[in-house]
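Below, chain A partners chain B and then partners chain C, in two separate complexes.
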Partner chain A sequence: MNDVNKNLSSMILEHFGKDTVQIESLKPGLIAIHASSEKNRDIIKTFLDADDEATLSAISGVDLGDSTEVLYHIRTHGTIVTLRCIVPRNKPTIASITDLIPGANFHERETADFFGVTFKGHPYPKRLLISDDWPEGVYPLRKDAEIPSPETKAEVLPEEEMTTRAEGTRTVKIVIGPQHPALLEPERFLVDVDGETVTKVTPRIGYCHRGVEKATESRTYMQDVYLVERICGICNSCHSTTFCQAVESILDVEVPSRGKFLRTIVLELNRIQSHFLVLGHAGHEIGYDALFQYMWRDREIAMDLTEILTGNRVITSFLAIGGVRRDLEEKTKPRIMEDLKKLRERAEFYKHLFEEDRTVRMRTEGVGVMDKKEALSLCVVGPVARASGLKIDVRKEAPYAAYGEVPYELISRTEGDSWARLLVRAEEVLNSVDMIEYAVNNLPAGDFKIRVPRRVAEGESISRVEAPRGELFYYVKSNGTQSPERVKIRTPTVTNLYSVIKLTEGGNIADVPAALVSLDPCFSCTDR
Partner chain B sequence: MVSIDLVFFIRSLLFPGFLFILLMSLFYDWVTRKVEARMQNRVGPNTAGPAGIFQPLADIVKLLAKERLVPHDVRSLAFTLAPVLSLAIFIFTLFFLPIDGSTTLSGISFEGDLIVILSIITLANLFLFLAGWASTNAYSKIGASRVLVMFLGYDIPLVIIALTPAFLANSLSVSTIATSQSIPFLFLIPWSFVLFLVTLQAELEKDPFDIPDAETEIVGGYETEYGGTGLAFLKLAKDVQLFLGSALVVELFLGGPYGPVYFDMPALWFTIWFILKVLFVVILGEFIANIFARLRIDQVLSISWKQVMPLSVVSLMATLIVAFWVLPIIGVGG
Partner chain C sequence: MCASRLVRWAEKRSPWLLHFNSGACNGCDIEVVALLTPRYDVTRFGIQLEPSPRHADVLLVTGVVTRQCAERLKRIYEQMPKPAFVIAIGACGCSGGVFAGNYPLLSGVDKVIPVDMYIPGCPPKPEAIIDGVVKLLKTLEASEDE
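And now, the complex of A and B:
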């Protein structure tokens, strides 16, 4: 237990006394607080008051048989504090914290969908991830849930929001999605428009939810590495790294430092290609197709580098529990350096373009402004948070892989608009190129992988990785068998997406795509 | 009078009338697609015909062969007629422009036909608006209202700038303006030419002004509900509009169909010069379209009223100075 955690736990004990809360320490250096379900709001409020930059990272549920555990993962002082509240299965009710942290909205709805927990006082308690024709009363992540056959479909009630416009108002409802040229994946945003002004946005996700969290419970840890990698095609290595780190922490094994460096290289390559993808896509959204085509051409350099390193262009299958699966050959280093040089040149050009181009700035500056306070209350992470002046980055606050050693620079801006969010990404690409260059040149000798047992002892752990879109959060609980008991995956987009309501309401209809793309929403991550 | 009738039919239907206009429009459509593709590091159409030159024609043929669907809520008459009428009006307007040295039909040109052309173009835009308004679809309606709002922004500057060559030529007839350019007006009043190109981009709904059919915002804009023949006519109308707009630039600023060199058969050479000049304008327009992001509708309005509008008035005044004091000194012009 380090100093921060000691201070935190003594603070909690002082506040509530030993009768209400029990403190246990979790690996790696995290603390968990046990408390009764009535105290959840008080404890969370104490954390929010004690630290200006405290916010909610995730809410997850675990089925304990006759009761359900609700876990609040709070990020404070650069670490994660987990609050555990147990609610009985027959009356699973807990108070909502959306009035304390509006960003908890989606997290609570997700827990309600999967575990049947009722969050009292939630402003919009509707389904978020499971489909409208899913039968009432079946909660898929409960261990005894009987998953209905695909033919069983409940009656779908017409949503009142979808009805045509009310008499006597000037509002027109525009449906962006599930199929729309601005979206690459099926999600729906119901936009109320008065003339060209957006008055209300209602997002609905879950159009291609695949139940990965449930699927991990019936597969071995080894298979799960490949399964979680397929959650997202873009940040695939981030998913497998986070999962491997969580399992390694339960197993209590240390990855050899060559393995850590190779992980860093593949993670940064992931970031480069993801940022190029979204910056190009931003060009398309604001009607700048030439930029779109050029950025996607130059993204190929990063894809080629990924192929040299891992043997695959997209889904790398590079990570393994205990290290990585392939070594970097000495003879490929000159080619890598040459490509990195090209990549840096292009990245510098694009950074210059986003800084200078007049029409790009006209379309993105002042669009979807979110200040630091709002960013905290909406629980945004990654480049979105950094563009609003929040200096949060897992690579800095809890270095994993080789991030303690490679030259890293936290890039943040204070404008908080779409332009800042895009520019932060453009600058991060340059930093990533530096890190890869350093990691390749200073690759330590030795093993890149150690052997680990297939059976994982009972335990639980939290793992965080800074994916291209922000903090990727995994909570893994093992039960002593070959398969995990519970894997909670909180992708950056789930927590970032709620802020789209704040970013677009009151703006122009033409700004909706520009604001949405600046969040870099990845719906296949969302529908994990 | 048989021979006159024959000439009338050939000139109106074949050359330089209907067929020629359609073929040239499809050709320039191919040019824009190819230029756009090359500027974006793509290949562009490359399958139908040499270098894909028949691709626009193939697209139109494909659309014409499709089933005609009319959604049951639309205002049927307007929905059906709007694309046909806008196409017809654009083609009709081109009849006023001297393509092979004289207008399509002899004697159609008159003093003041520039005003008629400009007002007919406005009317055709109204039909595009009608196309969107007739379809009961939120995207179409927003697209349609954007056509009108855009029109508020750029139409007045367009008319003012289109009148500046008329002052130099001392005539409101397009044919006279074209013939009186012993030096193309581009070189005398380049500021007007630049302004006209900018407003033309807005008129043609091309980047940075392709707001009425911004696909990432409102899908297809006013053409969302169209398919099959209706869409074919809309696409053709847009193609002819591109040809018309570029041809107007050629007539007003680039000396019309008259070129520096020609040999026997002046009509043939006039046509060749005309095609080349229009090609220049089309490529220039496509170049502009590809180096900007799409603006927002409020930005277009504020740019056009705060910048383009005053500039066009200033440009008109500068042109008057050129017309009354500079031209007599160097001894050119009408």
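And now, the complex of A and C:
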């Protein structure tokens, strides 16, 4: 336990006393607080009061048989503190914290969908991920849930918001999605407009929900690496790295440093191709298709590098528990260096373009402004948070893989608008190229993988990785068998997407795509 | 008769594609979009990605078909002018892939709408998708000769 955690736990003990809360440790070197379910709001409030930059990272549930455990993962002082509250199965009610942290909205609805926990005082307690035709009262992540066959369908009632139209107002409702030219993925946004001004946005997600969290429980750890990788085709290596790190932490094994460097290279390649993708897509959304075509052409350099390193273009299948699956061959190094040089030239050009170009600035400057305080209350992460002046990055807070050694630089801005969010990404690409170059040149000799046992002893751990879209969070609980007991996956877009409500309200309807794309939403990550 | 031959001729020379994601991981979708960009550039075959189902000849479906998406996929297919062709892209679209059998899924495009062509892979390379579309066009040509 480090100093920060010691201070935190003594603060909590001082506040509530040993009778109300118990403190225990959680891997890797984190602390968890056991408390009664009535105290959840008080304890979270104490954390928020004690640290200006404290916010919620995730809420997860675990089925314990006759009761359900609700875990609040709070990010404070660059570390995670977990608050665990147990609610009985026959009366699963706990107070909502959405008035303290509005960003908890989606997390609470998700826990309600999966475990049937009622969050008292939630402003919009509707289904989030589970489909509309899913039978009432079946909570899929409970261990004893009887999964209905695809033919069993509940009656889908027409939704209230879609059918009622307020009399006497000028408000018009526009439905964007699930199939829409501006959306690559299916998700629905109901936009209320008064003239040209957006008055309200209601997202309905869950169109991509594939039940990955439940599926991990019926597969082995080795199979799960390939399953979680397929949550997202863009940041796939980030998912597998986070999962592998969580399992390695329970197993108490250390990855050889060559493996760590190779992980860093593939993670940064992920970031480069993801940022090029979204910057190009932003060009498309603001009506600048030449930029889209140029950026996607140059994105192919990063795809080629990924193929040289891992053997695959998109889904890399590069990670394994205990290291990586392939070594970097010495003979490919000159080609990698040559490609990195090209990539750097292009990245510098695009950074300049995003800084100077009139079209880009006119469409994105001052659009969807979010200040630092709002960023905290909406729990945003990654480039979205960094563009609002919030200096958070897992690579800095809790370095994993080889991030302690490569030349990393935290890039942040203070404007908080769509332009700043795009520019942060354009600058990060340059830093990523530096890191890959350093890692390839200073690749340590030795093994790139160690053998690990197939069975994982009982335990639980938390793992975090800075994915291209922000902090990716995994909570893994093992039960001594070959399959995990519970895997909670909190992807960056789940927490970033809620802010779209704030970003677009009061703005122009034509600015909605520009604001949405600047969040870089990945709906396949969101829905899992 | 003459009109249907004209339609066939136009479809063969310039098929318009509609892409629908029915719950994919983004891997296949990004590869479909990559088809339009300079390295693969399918526009040179007269192929164009079209946002509206009412203008499309070929429906490219990626993803596992989730419960929430199934009804929508059916409606999109019904909105397309016939004859319409369906290509299922990726292991997920073909059979459910790595997710097959999970609770919110129907696992496979052919559970909902008829499929004319399967392109397996996780994800298939852009070259494989081009190959699939070109093969579909060849079958159209063969059916015209009959």
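Side notes on the structure shown:
Going forward, the second predicted complex is superposed on the first by the 527 of 528 C-alpha atoms of A that agree within 3 Å, B and C clash if a C-alpha of one lies under 4 Å from a C-alpha of the other, contacts with A are read in each partner's own complex, and residues count from 1 in each chain.
In this section, a contact is a pair of C-beta atoms (placed from the backbone, for glycine too) under 8 Å apart; a residue touches a chain by one contact, two chains touch by 3 or more.
Only a predicted model underlies this, so the values are computations on that prediction, with no experimental measurement involved.
Of the two partner chains placed around the shared chain by superposition, chain B is the only one that A:V172 touches, whereas chain C remains out of contact. Of the two partner chains placed by the overlay, only chain B lies in contact with A:V193; chain C stays clear of it. In the superposed model, A:R297 lies in contact with both chain B and chain C.
Contact comparison for chain A: of chain B and chain C, C touches the greater number of residues.
In the superposed model, A:M362 makes contact with chain B only, not with chain C.
Contacts of A:V212 after superposition: chain C is touched, whereas chain B is not reached.
Counting contacts as defined above, chain A residues 180-181, 292-293, 297 meet chain B in one complex and chain C in the other. Residue ranges of chain A in contact with chain C, taken from their complex: 130-134, 140, 147, 150, 178-181, 184-186, 206-212, 214-215, 226-227, 230-234, 236, 277, 292-293, 296-297, 300, 313-315, 522, 524, 527.
Interface of chain C with chain A (complex): residues 20-31, 33-34, 37-39, 51-53, 63-64, 66-69, 72, 76, 97-99, 102-106, 111, 122-123, 125.
Listing the residues of chain A that touch chain B in their complex gives 172-175, 180-182, 193, 196, 283-294, 297, 357, 359-360, 362-363, 508-513. By the touch criterion stated above, chain B contacts chain A in their complex at residues 36, 39-42, 138-139, 141-142, 207-208, 210-211, 214-219, 290-299.
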